[in-house]
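Right after this note come the structures.
Here come two complexes built around chain A, the first alongside chain B, the second alongside chain C.
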Partner chain A sequence: MSGPSTYEPKYAAAKWMDKRLPIIRMGVDFMGFPSPRNLNYWYAFGGILSLCLMSQILTGIILAMHYTPHVDMAFDSVQRIRRDVPFGWLLQSMHAVGASMFFLAVYIHMFRGLFYGSYKAPRELLWIIGCAIYLAMMATGFLGYTLPWGQMSFWGATVITGFFGAIPFVGESLQQWLLGGYSVGNPTLQRFFSLHYLLPFVIAALVALHVWAVHHVGQNNPIGIDVKTKEDTLPFHPFYTMKDGFAIAVFLMIFALFVFYLPDALGHADNYQRADPMKTPPHIVPEWYFLPFYAILRAVPDKLLGIILMFGAIVVLFVLPWLDTAKVRSMRFRPTTRRFFYIFLFMCFILGWCGGNSPDDLAFTFGHKNVMVDGHEVSEAIGMTFKTLSRIGTIYYFGFFLFLLPVLGWIEKTKKLPDSITKAIHDGEA
Partner chain B sequence: MGIKFMKTLIVGATLALGGLGVANVATASDAGGTHKLEHQKWGFNGMFGTYDRAAMQRGYQVYREVCASCHALEHLSFRHLADKGAPFYNADTPNPNDNDVVKAFAKDWSIEAIDQDTGDIIDRPGIPADKFPLIFPNAIAAAASNGGAIPPDLSLITKSRTGGADYLYAILTGYHEAPHDFHVADGTYYNTAFDGNQIKMAAPLSDELIEYSPYMVAGEHGAEPHEVAAPVATTDQMARDIVEFLTWAGDPHMEARKRIGLATFLYLFIFALLLFLTYKTVWRNVKH
Partner chain C sequence: MSDTHISDGEHEDPSRRDFIYISTAAAAAVGAGSLAWPLVSQMSAASDTRAAGSIEIDVSKIEEGQQLKVLWRGKPVFVRYRTQKEIDAADAVEIDGLRDPETDEARFRPAFDGKIHKNILVMVGVCTHFGCIPVGEAGDFDGWYCPCHGSHYDTSGRIRKGPAPKNMVIPEYTYISDTVIKVG
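Presenting the complex of A and B:
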């Protein structure tokens, strides 16, 4: 895809350099990477995500200079950052809101890949590396949320590490090994801090592989057909640097809105209370980006089965390239699958809604019935509980990947594909 | 192209807001409140909201004379009261440690310290650099003196409660006669805003419990300092003032945050506009 290099050094110093370490050549080739000319704004999220990662690493490194990973001091040190460190309030807010923005962008990026079939041959590995990045992001996000040592930090960590305890035979030992003790405590906080600092660099390395892979196989595009001639492409710079640049600026405005005007909107008030191992909060909820998985976990009565389903929901993404049997990549040409995709998207939101509520509360009220309580007649609402709703969501989630995508690939009558990207643009189909 | 971009933008914004909306509903719905909070009008709300200096200063007096008998301000030092944007900031003494009002406040508190000559533990008057002292030596002592309930730290009280300022105001003004069929347990008080309606804190405020000192407006930009008469300390007035003060205590950089936010938006808007025009120029001869 990237083809032979066309770079020709002009200056003596550049020629000298090119013979010894062709780093300028690499940069020039990178920036001139031929990209399909029909990429839309959904393709800007790769660039947005790189920016998110850089922002998280930079703000994180500075925060780590001021943060103290000790159970007696962590909460206070975060307050010190927000109050006394010059612009500490800005750095801390950018880092905390930045995590949410990172996940917002990665979800849009993943749904885009799903819609345009960007996981199909020859991009299977590109997709799998992406899934690994997402998994590492989830781990990093969870570890980072523990560090401020508020009530949700502590109890969230207690619940999540409790999952490992449910694994048969080795669960208990594994859990103790992870925690560095019998419960979440100082050894836990210190190792979480260490790993939270390590993982972003693992993510950066995975991102390098991800970008390498995309440069090797070439970008997919909204109509999902291969690039055939040079006519079908444009050099990345200046065409997409400018287009993505504009998208990044718009994204930064959403980011800034939260950092400056709604810094607490995405967090939980309980996390402004110091962690107290003796006081369980009435509702333990994870950060919003984990809510759909939390709903899947609580959809089944059995703890182990819930955990298997929750991890299964991520594992299924890794094998997606082999679950979807369709020959056509883009859902633009798959009218039936496209409808089921929209329902899938909707179900992810439903699962998120379920994850943030108590399973036994009513999601929808259908009516009221009178029941006898202590000899009094009391009116009680009847309707669908969040547990039932999350079961529907869970069944659809797995049904989409394990049943709909394999079967629709065989039976669906797809629309006729354009001959080339250039022709599609000419006909107004791109 | 324009329409296509608008479409993408609208879909993108809907997705984003949908996702964040789910997040918000999720956090709001587990507040567990038994009733709806009444929204109050606060000057610090909104994109351009600022703190009311006079109200914060009165609020500090309420804290000092009422709340401080049980509640600490763990994350605050006296000097914070004289920072830029803080209740007692004085442009003439920008270094908070030189601020006379705050020096006087600090001196009013007794601070446990180590005598530099003998090593004995002594009590000395506070200085602006000192932290607000803890009211109880530890959590057990706090619980023992308050019927088993630990008076929460107030420096993050509006941030750590769902509903924030509205919730705190509702608690402070929520003491009413219990309904006939409601049994109030010993050592608790009926409060309409508290979860379960029984709170261990006795009504802390009552009309004219304290007398507000007149308030000095610092002579900024060469103007003479002048005195402003304080309002009557009704329960409602004191509740509003302490909420103003404690909201600042939890979020002392709010004004700077909003100011910088506005500049950032202006910058990003111009930046986005220039990028958009560049993008249009670069792509002008490309059919896509």
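Presenting the complex of A and C:
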């Protein structure tokens, strides 16, 4: 796909450089990379994600100059960043909101890949590297959320590290090893800070592999057919640098709206309370981007099974290239699968909604019945609990990957694919 | 030995090469192992953390029906002076039907006089589900109730309903006088 390099150094200095370290050549080839000519705005999220990573690293390094990873000082040091450090309010807000924006972008990016079949051959490894990045992002987000040492930081860390305690036989020792003590405490905070600093650089390295893989196999596109001639492509610059640039500008406006007007909208008020190991907040909820997984965790009554399902929900993503048996990539040409995909998307939102609520509360009320409480007749609502709803969502989530995609690939009658990207554009199909 | 003439250098001795091969591999394996051990082990609880692992609690100040909450190893320990009603309720439970079968009796350690006093219940106040702190005198069994995902414990701290798999843990403890308990 990338083909032989067409770069010709013009100046003596450039020639000298090219013989010794062809880094200019690399940059020029990168900018001229032939991309399918029918890419839409869903393809701008790769660029947006790169920007997010750079922004998190930059603001994070600055926050680390003012932050103190100690249980007695962490909470105050973050408040000091917000109140006293010049522009600390801006940088802290950019980092905290940035984490949410990062996840928003990565989810769009992933659903995009799912819809256009970008995980299919020859892009399996590209997809898997992406899943690894997502996993590392989740770890980073979780570790970072512990750092401000508020009530949600503390109890979130307690619940999540508790997962490891559920592993049979070795669980308890493993958990103590992770925590560096009997419970979440100062050793935990210090190692979490160290790892939170490390992981973004691991992500950056994975991103390098990810981009390398994209450049090796070439980008997929909305109609999912291979690029056949040079006609089907456009050089990355100036066509997609412009398109990505415009998308980034819009994205940054949304980002700025949150940073300046709604800096706390995506967080939880309880995290403005200092961590207290003697008092559990009434509802422990993770950050919004973990809610669907939290719902899956709580959908089953058994602790270990809940954890297995929750991790399983991520494992299925890794093996997706071999679960979907269809030859056709893009769901534009898979009318039945497309409908099930929309239900899947909807179910992810449903699971997110369940994750943010108490399992025993009612999601929908169907009516009321009268019951006796302490000798008084009171009216009690009846309906579907969030637990039931999250079970439906969980079954659909796994059913989609493990049953629908393998089976639909065999039986679905797909629409006729266009002959080429260029022809599809002329026929108004791309 | 001395009268066997093998001209070293001219003649390749394969066993010598094997020796270098095996000894290098062995040294690498031992080296990697002995490096990995400290790298992994440094994450475990440090000596000072472990040394801070025991506390003494004076139970004489607790009135009947009251509960003391003390921090031990970063977790709360409940010391509850149970009422006769609570003890009777815990005794009346059918063991067979329990998720984590345990008699009320088995959840106590002998007092200073060597006898079991079932009024002072010492227990780690951490829900065995995901580690929240249950609230006292609450839930369907008037023991403890964990608000996080709805686990109900009875007056002995045994799990009766909800997602938690185990009874609340009884820590290692001993009476070091009539009224002072050492936990840990």
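Here is the rule we go by: the second predicted complex is superposed on the first by the 430 of 430 C-alpha atoms of A that agree within 3 Å, B and C clash if a C-alpha of one lies under 4 Å from a C-alpha of the other, contacts with A are read in each partner's own complex, and residues count from 1 in each chain.
Methods note: a residue touches a chain if its C-beta (ideal position, glycine included) is under 8 Å from a C-beta of that chain, and two chains touch if they have at least 3 such contacts.
Quick caveat: nothing in here was measured; it's all calculated off a predicted structure.
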item	value
Touched partner set for A:G162, first chain B, second chain C, both or neither	second
Which of chain B and chain C A:R191 touches, first, second, both or neither	second
Which superposed partner A:P359 touches (first chain B, second chain C, both, neither)	second
Partner chain(s) touched by A:W177 [first = chain B, second = chain C, both, neither]	second
Touched partner set for A:P22, first chain B, second chain C, both or neither	neither
Contacts of A:P418 with chain B and chain C, given as first, second, both or neither	neither
Touching partner for A:G312 - first (chain B), second (chain C), both, neither	neither
First (chain B), second (chain C), both or neither touched by A:P282	both
Touched partner set for A:N40, first chain B, second chain C, both or neither	first
Chain C-contacting residues of chain A that also contact chain B	282-283, 358
Chain A-touching residues of chain B, taken from the complex the two chains share	4-5, 8-9, 12, 15-16, 18-20, 22-27, 29-30, 32, 47, 74-75, 80, 152, 155-156, 159-162, 164, 250, 252-253, 256-258, 260-262, 264-265, 268-269, 271-272, 275-276, 278-279, 282-283, 286-288
Footprint of chain B on chain A - complex, ascending	37-38, 40-42, 76, 79-80, 82-83, 89-90, 93, 100, 104, 107-108, 111, 234, 238-239, 242-243, 245-246, 249-250, 252-254, 256, 259-261, 263-270, 272-273, 282-283, 285, 288, 291, 349, 352-353, 355-358, 425-426, 430
Chain A residues within the chain C interface of the complex	155, 158-159, 162-163, 165, 176-185, 187, 191, 277-280, 282-284, 298, 301-304, 306, 358-360
Touching residues (chain side chain C, partner chain A) in the complex	40, 43-46, 49, 53, 69, 71, 73-76, 129-133, 147-150, 163-165
